[in-house]
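One structure follows; several queries about it will come next.
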Amino acid sequence: MEVCTIGGFNEVGKNMTAVKVGEDVFIFDAGLYIPGIVELQEENLLQYTDRLKKGKRFENTYTEKKLREFGAIPNDTVLDKLGWRKNVRAAFISHAHLDHVGGVPYIMKRYPEVPIYGTPFTIKVLEAILEGEKIKINNPLKIVQPDSFQFIEGKSGKYKVDFVHTTHSTIQCVFVALHTKEGIFFYGLDLKFDNYPTIGKPPNYKKLKELGRAGVKVLVTDALYSQTEKKPGGEVIAKHMLEDSFSKLRGKNSAFFATTFSSHIERLINIVNLAKKTGREIVFIGRSLSKYVEAASKVNFWPHKNKVRLIKYGKQREAFLRKLERERGKYFVVCTGHQAEENSVMDRIVKGSTPFKFREGDHLIFSSSVIPAPVNVVLRDKLDAKLRRIGVRLQTDIHVHGHGSREDIRDLIRMLNPKHVIPAHGTLQQEAPMIDLASEMGYNFGETSHLSSNGKVLKL
Amino acid sequence: MEVCTIGGFNEVGKNMTAVKVGEDVFIFDAGLYIPGIVELQEENLLQYTDRLKKGKRFENTYTEKKLREFGAIPNDTVLDKLGWRKNVRAAFISHAHLDHVGGVPYIMKRYPEVPIYGTPFTIKVLEAILEGEKIKINNPLKIVQPDSFQFIEGKSGKYKVDFVHTTHSTIQCVFVALHTKEGIFFYGLDLKFDNYPTIGKPPNYKKLKELGRAGVKVLVTDALYSQTEKKPGGEVIAKHMLEDSFSKLRGKNSAFFATTFSSHIERLINIVNLAKKTGREIVFIGRSLSKYVEAASKVNFWPHKNKVRLIKYGKQREAFLRKLERERGKYFVVCTGHQAEENSVMDRIVKGSTPFKFREGDHLIFSSSVIPAPVNVVLRDKLDAKLRRIGVRLQTDIHVHGHGSREDIRDLIRMLNPKHVIPAHGTLQQEAPMIDLASEMGYNFGETSHLSSNGKVLKL
Amino acid sequence: MEVCTIGGFNEVGKNMTAVKVGEDVFIFDAGLYIPGIVELQEENLLQYTDRLKKGKRFENTYTEKKLREFGAIPNDTVLDKLGWRKNVRAAFISHAHLDHVGGVPYIMKRYPEVPIYGTPFTIKVLEAILEGEKIKINNPLKIVQPDSFQFIEGKSGKYKVDFVHTTHSTIQCVFVALHTKEGIFFYGLDLKFDNYPTIGKPPNYKKLKELGRAGVKVLVTDALYSQTEKKPGGEVIAKHMLEDSFSKLRGKNSAFFATTFSSHIERLINIVNLAKKTGREIVFIGRSLSKYVEAASKVNFWPHKNKVRLIKYGKQREAFLRKLERERGKYFVVCTGHQAEENSVMDRIVKGSTPFKFREGDHLIFSSSVIPAPVNVVLRDKLDAKLRRIGVRLQTDIHVHGHGSREDIRDLIRMLNPKHVIPAHGTLQQEAPMIDLASEMGYNFGETSHLSSNGKVLKL
Amino acid sequence: MEVCTIGGFNEVGKNMTAVKVGEDVFIFDAGLYIPGIVELQEENLLQYTDRLKKGKRFENTYTEKKLREFGAIPNDTVLDKLGWRKNVRAAFISHAHLDHVGGVPYIMKRYPEVPIYGTPFTIKVLEAILEGEKIKINNPLKIVQPDSFQFIEGKSGKYKVDFVHTTHSTIQCVFVALHTKEGIFFYGLDLKFDNYPTIGKPPNYKKLKELGRAGVKVLVTDALYSQTEKKPGGEVIAKHMLEDSFSKLRGKNSAFFATTFSSHIERLINIVNLAKKTGREIVFIGRSLSKYVEAASKVNFWPHKNKVRLIKYGKQREAFLRKLERERGKYFVVCTGHQAEENSVMDRIVKGSTPFKFREGDHLIFSSSVIPAPVNVVLRDKLDAKLRRIGVRLQTDIHVHGHGSREDIRDLIRMLNPKHVIPAHGTLQQEAPMIDLASEMGYNFGETSHLSSNGKVLKL
């Protein structure tokens, strides 16, 4: 078995791994590296201002070439060099986050006949991304249910593939277990073991143990928090934090806002449940919110279908915000911009470019943490400072994150009992603690536990 | 009104404040400074080894003089200098934590006729401390219910005193509101506003607002987390964290241990509720655990009276641990030592001086955080490392702390609307952010918001 | 004596203090708050883009009103409220940094007849600022030598004022000691006690002790590093660090760049001394570099007058950079942009908008630290990452900063032995450690040591 | 070529590497892991108290077995398993620090005929350690000069070995370059490239480049600060920091103390040079100080031979400290205990168990940093607090450390241009940044750059 660790092994982002067994190759995930995207946007912006000065029009386009140049998508051209490209039989997308699915439109074009497998929600999100970016791909999109399996025909045999339900921070996340003659290749990211989720079921531990008994050869898994002892806590904790935050909202004529990750359907459901108790009309504003909520709707994972108004486009948004300015006590707004991203709804409002302006006594709940990159810290610092100066009552960090810490990884390894362990989803430094954990559990570094990097092949 | 900030204004600990109105003086709290105690113990230990070497006996005694020398109790001799001492009419103890009540045995001797007011639990804990230290005081101990009031006769009038229920991290905590002709003096520490406590009621906001309308002149309150935006979360969150931890216990013949703050009755109740589901017999070991649980029992705050065995003394402990060693799957043990304190039960076990030894596969839940002083960090680092080397499965930081952050303080100030604000419970640096918060709310530093230090008098 | 702490007591920046003795008021410093300026620039930039889109012109102007709105200059209107404004007899500028002199053009207009005292360099820099901003003020500019004194006639008497030489991180810095009937008011910021400066003399300790013996009533001084035990080190250390950096430059055809604080004349002299040994022509590019170097030249503090070419204006700069691109081995360039400030020379080059582009093997020495505000961290992170990607060899942090730590302040207090101590140059939290230091030395907080905040008056 | 990374690849300490070429094996370093030693001491201490209580005697002995159990020496038994043990031809000790030479007494007994090569100072220190621990080894001790070479006869050929002078933080440090048929194996730890040392010469760059041209196959080097951009600075900087500290000493009758690393001969020389100017008699107290200074003397590296009194034994020490107590203005004392180590001279004095006691106005210079392990932080915190309470004037952190940062490692790699790079001297997390650095320079992780761990073999 050969494992090519294509992306996400030198950074957090653009996850992609390929596995070769006999003459058959399988791809797992094809994500984006968001800081690369941001850098590319900035370059585009510079050109934009330049062109504006010269009186020209500007079109912001991401080309595959530009994305590769900025390291924003995985460098899968390594598969060409290895001669694996023509042998790819299937691609599996673990879940709907951009660092796992966002590269598909650019990458999978190069493998036009290869089917792409994902859960209903993941595939719906992928379709929405393709539509949004105006890209067409010819790959067959195959919908698989969590906790189901598929058989895939290869040159060197027929492969059973299990899609095992896990919890994380969006819905319908799966681990992918590829059964081969040499044993199971287990693609185990991302994960947080939540035994008391507020919607859906806990991870399928029974299946994991069963696979462990059947014989796992290789485990690739999520090392992001492998250094951390403290557990992040399950979603029920976020729910209680929200409950407490909502109990502090006051003012009949004050605006009430919340903002969170658009893909975090479970969180959004809990927010809506609490918002309903305020008696106000609930309005979601922002393109990405609509994208994810609509996808959830289509797969029957959105219980608030007719109770939440979704606003997507600029005109609708301006009209609504004008109304909100006059009747601020009538609505409960959930919008994009928890990281103060440029051009998010929150950013636009605070910069003063919308008809609605925050006032003293308005409330804003950040159901998110600041992603600890300096750029986010700066943007949120500024945003928060402006809001406080106005007198907006902020509640921040009403959030638990979605990556399991040391003990979750220990549990996963125990249940699967794999022969080889490969940490993923981080830099070498972030992956190293998982090697230490594996040592505690009897693995030998370089023999049965491995640090890899983007583009490297491990023969196991 | 004159406020003498006696202790807890230059450190976290030994809280004590006195207020003079007309010819009447009132004392609020008389706590210990734990690092001072530790330093004193260490000196005692040095002498102990010395005496042992010389073949002598040793007695570890805390004298008032030694405690003052090591800064372990508030320096209330300032009251002598101010001529206030003879005018003290009453002392109020806000809650049962050592940094609020622990100095009483040494301090209140100097005011032998002054009655000491506290809630039932606080008074029971005080009695247990007095018994434990073999100290007698003659002061009348007056039991007051949370959300009740008392009238106290002074030279310059009759004073109504409200004892307002609040939530924190032990039971029966109260704010003390002293009604004077000049307005209310409000002693507001410690606090965390928990709107969904797992036992008991939320803070009495109604009363707080009522007092606010009646006119608060001075608010002294808990600045410890005034710099922190992020809320600690309520006890329900700790409960869910525990639930998750308990779901990870496994092994019919493995020992199960938990350790937490002995005074945290609410936490202990939740631990017992979960431990009962394991079907094992529940045993508490450690002197301070017994002290607090017995006090809670006496005031009917301990629902597990006949379901938990309390082990207090050395012989009993050794006998039980011998049994546990043989039948480790039969018991669920809660013991002292979450900070790896010298001579705590956990410390003794791990150092190998008890008949019970930890083995691979045993479980230990730390329902506490490491107090971020280097000494605790070192002790816990060593303890944890030893346990891990053995293969004990640790779950750490299953905890939320008990001090409100910025938004709780903002709420308190809003409800009480005091004329003057005085941050307490910290160093100058820890108190400074509350001055900034007060500025945001319209207070002027040096006029209506004040930084004080130990021994200073503010005339307001 | 009344001390009004106008600016720099709630932030690092816009330093300004006023003192009233009898009927006479004296002003010390009138600086800028740089983050306020940056925020204002950003707002201007937004308007700029908007106007550009609409095809309009834009003019970036700082008005006094705007500067006050953004908190960029001290709020001296408090002097109007106090009725002090008309009694101002003189203003003293301690040194040439923008947070001490930068507000003069906007503030001192309001006191048109009040003379402004400063050392030759400080006054030259002030003149350059006035010219740069195209502002005229009518105040008489009075040049005083370090270690000289002046007599100033007031309503309530005649005042001797000592200007005492100190070391910091620009040249001709002075402490200002105002002799009054009540004792000396000593304005002691900024400072770092450098006993082995590479140019000029150590601080005038003799005079400080003499003043101490004469009787200092009030000391206002620089608390910025009062929490820090570790000394920053003198300029000789920066010189040795530079020496080491220069020894690593290689490549006959590689570009050599250095960047540092424009006002740091001592540093610039040392850089030039080392750069001369490379045999290359030395060129300084950037407006602020020229401003400070020309001011130093005028006061005979610039020994490299004909050995360094100064480039100030855009056209000259473009022409030179075109030449540099072809003959990169011929020049040693010092330029602005050590914090990656927008539109600095470094920023323009790295963004690709100049004829010169960095290449692999070029060298760049940052003789500065990143100012630890998120905005600087982000900008420098990006800049450094781009440069590294190209292969430019960076040497960063070749720097020692200019503020004395705990022991320097202790020395100052010892020598002056003031009755009252007031920390300045920081937030309350940054000033608090100086209160602790003063406590160690026998001062009582609230009696002889004082925390103030912007706009407050202390009567001493 | 096979490289067995025996110790120092999972921790900072107990460095040891072995290389096999054909049938010949060579050992590089055999150090101690100090935290393991401390843990062992603590266990010994527990037994000591136990035995004391029982009235028994106690002997503190380190056995090889105990040292292995506590991970205090490298686990070289891996060489037995590999069948390499009997093929060892020589051992090379790079320098005189305990984490490189301290394991020799326990390890090299197992290879009784293998000669041990070291520079004169290193061998003298080794001899002193052997004498101190009362251990005899039969291995021939071979003295080699820095910048010399040796030929060593093996089974598979004759090997030239270069001992290349480098700078670090003790004297006579060398890199060891083993010339083999497959190319050079270069053992490059520890190092800091100091181009302006205050004694001795800069590193032998000429030789390094020469070896680079001759063909280096493998480089093992010091990754400890590979993540750090900022350079530590050369010893000249420490010298200037000391100069400044000494300029602050005052008080004719005050005691003057300094403390630093005993092995840091260059530092000690600079301290003595400055101390001489105080006109006081200079006295060194402490066993390890004597050990290193005597070793330096023997190899003519101690210019202060008759100017410094060395005090080694308890009685002498007590007698001297009694005299010092009476005539504190007569002496300048350098002693052990900069980390507040238990039983160091400083620790004894501060704990009050010597005839000399510190008083207000005494001076103490720490020419060291606190090693950032919690245990050191705690001990120094306590020590410093006690000293400050007394009123001793402390100057701390008068120090630059001895490990090169990123740019030094980059230079080393550039000069040697090795085929393979292996980071050492750290945990995986500390070594990982050197892999990133190597990537920047064209190395491929897993192919030409390698992360190893204790006991692993790399076949290159």
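Observations
Residue numbering begins at 1 within each chain, and the chains themselves are lettered A, B, C and D in the order written.
Here, a residue touches a chain if its C-beta (ideal position, glycine included) is under 8 Å from a C-beta of that chain, and two chains touch if they have at least 3 such contacts.
These numbers come from a predicted model, not from an experiment.
Compared on C-beta pairs in contact, C-D and B-C come out with C-D as the pair having more.
Two copies of one chain, subunit A and subunit B, form a contact in which over half of the residue numbers belong to both partners.
The geometric centre of subunit C is 42 Å away from that of subunit D, both derived from CA atoms. A straight line joining the Cα centres of subunit B and subunit C is 48 Å long. Counting partner chains per residue, subunit A shows two or more touched chains at no residue at all. Across the interface of their complex, subunit A is touched by residues 195-196, 229-231, 233-234, 236-237, 240-241, 243-244, 247-248, 388, 393-398, 407, 411, 440 of subunit B. The touching residues of subunit B, counted against subunit D in their complex, run 39, 46, 49, 52-53, 55, 351, 374-375, 377-378, 381-382.
Considering their complex, residues 427-429, 432-433, 435-436, 439, 444-446, 451-453, 456, 458 of subunit D touch subunit A.
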